[in-house]
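As written, the chain order gives the labels A, B, C and D, with residue 1 at the start of each chain.
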Amino acid sequence: MSRTPDTWIIAAQCPSRLGTVDVLTRFLKEQRCYITELSSFDDRLGERFFIRAEFRPETDFDGEAFRQAFDPRAAEFAMDFELTAPGTRPRTVIMVSKADHCLNDLLYRYRIGQLPIDIRAVVSNHPDLEPLAAWHDLPYHHFPITPETKAQQEAHIRQVIEETGAELVILARYMQVLSPEMCTLLSGRAINIHHSLLPGFKGAKPYHQAYEKGVKLVGATAHYINNDLDEGPIITQGVEAVDHTHYPEDLVAKGRDVECLTLAKAIGYHIERRVFLYANRTVVFA
Amino acid sequence: MSRTPDTWIIAAQCPSRLGTVDVLTRFLKEQRCYITELSSFDDRLGERFFIRAEFRPETDFDGEAFRQAFDPRAAEFAMDFELTAPGTRPRTVIMVSKADHCLNDLLYRYRIGQLPIDIRAVVSNHPDLEPLAAWHDLPYHHFPITPETKAQQEAHIRQVIEETGAELVILARYMQVLSPEMCTLLSGRAINIHHSLLPGFKGAKPYHQAYEKGVKLVGATAHYINNDLDEGPIITQGVEAVDHTHYPEDLVAKGRDVECLTLAKAIGYHIERRVFLYANRTVVFA
Amino acid sequence: MSRTPDTWIIAAQCPSRLGTVDVLTRFLKEQRCYITELSSFDDRLGERFFIRAEFRPETDFDGEAFRQAFDPRAAEFAMDFELTAPGTRPRTVIMVSKADHCLNDLLYRYRIGQLPIDIRAVVSNHPDLEPLAAWHDLPYHHFPITPETKAQQEAHIRQVIEETGAELVILARYMQVLSPEMCTLLSGRAINIHHSLLPGFKGAKPYHQAYEKGVKLVGATAHYINNDLDEGPIITQGVEAVDHTHYPEDLVAKGRDVECLTLAKAIGYHIERRVFLYANRTVVFA
Amino acid sequence: MSRTPDTWIIAAQCPSRLGTVDVLTRFLKEQRCYITELSSFDDRLGERFFIRAEFRPETDFDGEAFRQAFDPRAAEFAMDFELTAPGTRPRTVIMVSKADHCLNDLLYRYRIGQLPIDIRAVVSNHPDLEPLAAWHDLPYHHFPITPETKAQQEAHIRQVIEETGAELVILARYMQVLSPEMCTLLSGRAINIHHSLLPGFKGAKPYHQAYEKGVKLVGATAHYINNDLDEGPIITQGVEAVDHTHYPEDLVAKGRDVECLTLAKAIGYHIERRVFLYANRTVVFA
């Protein structure tokens, strides 16, 4: 799981066809790259193939040259691939509102080096979490929002995302519904966390509904944003037991713990290129 | 948790009001009953009080006399109570279809004495599980069902329930929708197990839908039957992690393990009088 | 679970004897205190009785008067009891070394009001965590330790504990073995967190030993300090799955998450007077 | 996870060296075998490489020819490999004593086809579980044991193992200590289940010791037998929460559920060739 400092990652997917593994593993051998961890999976219903390898070059290694040399071979299999250099930390923007439990948890992991991301900005529709960001020396952008200024506010956020070159956007309890344009823009590179309750509850105050129903479990789902806001492809899910002594506010508190862990786990998978998106679902080599 | 052979249980509920605990605990003291386990809970939103005590009489004890003596005191608090003698095993009918995982699990626990119920009959709309019942020396009633004979089939089942004097009906993967009349008849004394998936899926082939969605957890909910079949008051819920390698049939298999454990747990709570029904939800002193 | 602002807690234990519940519940009724949550347990092997009640006075309430009035009745049962006023936040000293995961987690919960303790000082044998304490406006005492200065260093710590009047001491990954005198001094009011691995490993580098053994679970135990340092009465335990890809440093990282949650849970139980100490074990009304 | 009926499995291990993946994946390609699931892992501390592939031949396939053709290539890497044909069900002997929870669980899974083993015999030092075996049409051998007849009894067991050609021996709560010779004989092909408690308890009545200690978790470990009986290489571990209301007999009951699930899981991994033994630990591609 932990890697040596010279470990590269390659992740790829393509239609199912004889030779999908060999095209990559043979190339790695030729390039004198030693594979330290390898996972592949063929979805026989979707007829789609996924592969991920961690490897250590045993000789001088040039990522760009590798890419160019592998390109034509991958093309034969209609294979999309992504090569990730050691120490890569994706440029990241975190979006929050007032609740700080996820932000606090992420910044802690970031600070101790457990979450290798390069946080370029924290963006919020509220000013509340500025001190927390400041203590971690992170720029904080406060863009208030009203029904009238929504388009304008999103434009500000978009600008931050563009100017920072953000490759990853984390919605760490950002309580605004994103516009369809924004969802499309962030498709596949924005991770959201939201409650998941059994049975499912639609509409406002889900924890109150869950209380009324007497649920015995509360959970959280981390997923990619797509144009169907809370229904994007699931990355991971967590759950905790509750009982009748949990009033709505207690369910909310319990939910906080699950949300923190579930979101951090999902981001970890994403950064390590363990997550593959396909047909509105994910393959996760956990 | 395990009890001495002379342990009685009393469970009661009433509106919230000063003295709800005292009325019971004082009486137990007067009757020279030593309380070995006690739980009470006041639902401040529902303004309803719940209490459960396990106790050992330190002198000769007559349940009927106890009931009659406590009745007027309980009445003052509009308190419903239920007294359960040591060794009580509720007369039980188990309803199944073709899937036998829950039945097998229940009969095993029954056989080794871990599930103190008095099984009077197994009822099914299919003949398949007859040998399993027979091996445990249990009568098996096969009542086939078609859309045309549904009313008649339910009449047969009702007859078995009545003739056996069943106090508890367990729907151990009985795959027929019960009629509203049947639901009403069994209200509060019939426990069902069904899948619970995140997000919730309505309609046919839920595990296929869950697969399409790429869920990372599958769960099960044990609940009382009410007139809203799969939405009755929840007793307990269980969950297991899954991933992309789980095809629909694998989700189903994983679901089986969760269903067995969750159903057995719920029945255990019910038998031990740990479950209180109120306003379509439960209080469970687990 | 969440309580109204006027909720008191009483926790008591005594030898098993008829009337142990009644002596308390009758008194609460007489004092016009409405019991909102009640748990009692009789340990038939230890012949010891435990009870905990949350209650709301329905009239003017004077804690000191209550104590004095109840004292003689409790004495008849050799009952020890503790009355806790609403809003009580025990004066707390947190002891740390270099690892900050538990401290960060605790301070976050403290900051958002989820952990009602009154932190008077953070004490460490290293200077590293001073900024974290400072950001939360907490005094930080750095007392370096060497084999030669151990007695002296502990004297400094003792002084802080005494001067702050600490009722609770949290060892949040304090990596020094306490002297027997210190253990005795802190007995019953100091909570420690340490790894718990299956099978158990004694000696240095437990996570390396666990790696060598190929364990599939790592866990943490939160317990009271007694004179047998890591073997004090267990309050709660947590566990997480691991596999062969977890190198020792990965086991350590996984351990961090479990330790944070397990320690926070144990402190929560302690503060809410849910934990009873008896015969080197605990009864926890969770 | 579920496989098509034409899926083969190959599992291999060898010292770490460039080309370990390629030697296998290139060969599979040449043989026109489509890889549907692939996992490899390099243990950088042990300098050992492990790989497992599921594959579907796209043309006529002869396992023996495959083996012979791959042999010299594997030899270059000092690679041990094992090829498993579709539908392979290892010949199995199950050893039990009086407790039947694991046997009942295994036979249920066996009966519904969830556990693809070919059970040739159930062996016991007690007659009690004969009816359960008989109901599943399985031969049952009762070999009583006394301190004096131990060698002789083991000889009988050995004979059953040899005559049935057992490839897998399951110790499903067989409560006798095996002789060192027997352990050696069964090394790597016998799976045992035993309790695992935190902290570890040696000696008799472990659940009583755990009760005295007030543990909050009980667990089970499934492992291979080696000459250090309960300390063989761990395959998987399970755990369940308990509390002070669990008397020793309740801990035992809770342990039963964990043991069943943990043992069944381990056997599943073993059958699917997901478990690799190395240096007294396992790599499990779960």
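Quick notes on this one:
Everything below uses one rule, namely that a contact is a pair of C-beta atoms (placed from the backbone, for glycine too) under 8 Å apart; a residue touches a chain by one contact, two chains touch by 3 or more.
According to UniProt, the chain labels map to these proteins: A, B, C, D = Formyltetrahydrofolate deformylase.
Keep in mind the model is a prediction, meaning the values are calculated, not measured.
Centroid distances from subunit A, each centroid being the mean of CA atoms, peak for B. Note on chain placement: the centre of subunit B and the centre of subunit D lie 36 Å apart, centres being C-alpha means.
One simple way to say how far apart two chains are is to compare their mean CA positions; for subunit A and subunit B this gives 41 Å.
Shown for subunit A are the residues that touch two or more other chains, namely 37, 41, 44, 245, 247.
Chain contacts here are complete: no pair of chains fails to touch. Contact residues of subunit B toward subunit A in the complex are 41, 43-45, 196-200, 211-217, 219, 221, 231, 233-237, 239, 243-245, 247, 280-284, 286. Within the complex formed with subunit A, the residues of subunit D that make contact are 4, 16, 18-22, 25-26, 28-29, 32, 34-42, 44, 51, 58.
Across the interface of their complex, subunit D is touched by residues 1-2, 37, 100-101, 104-105, 108, 112, 114, 135, 245-247, 249-250, 253, 257, 261 of subunit B.
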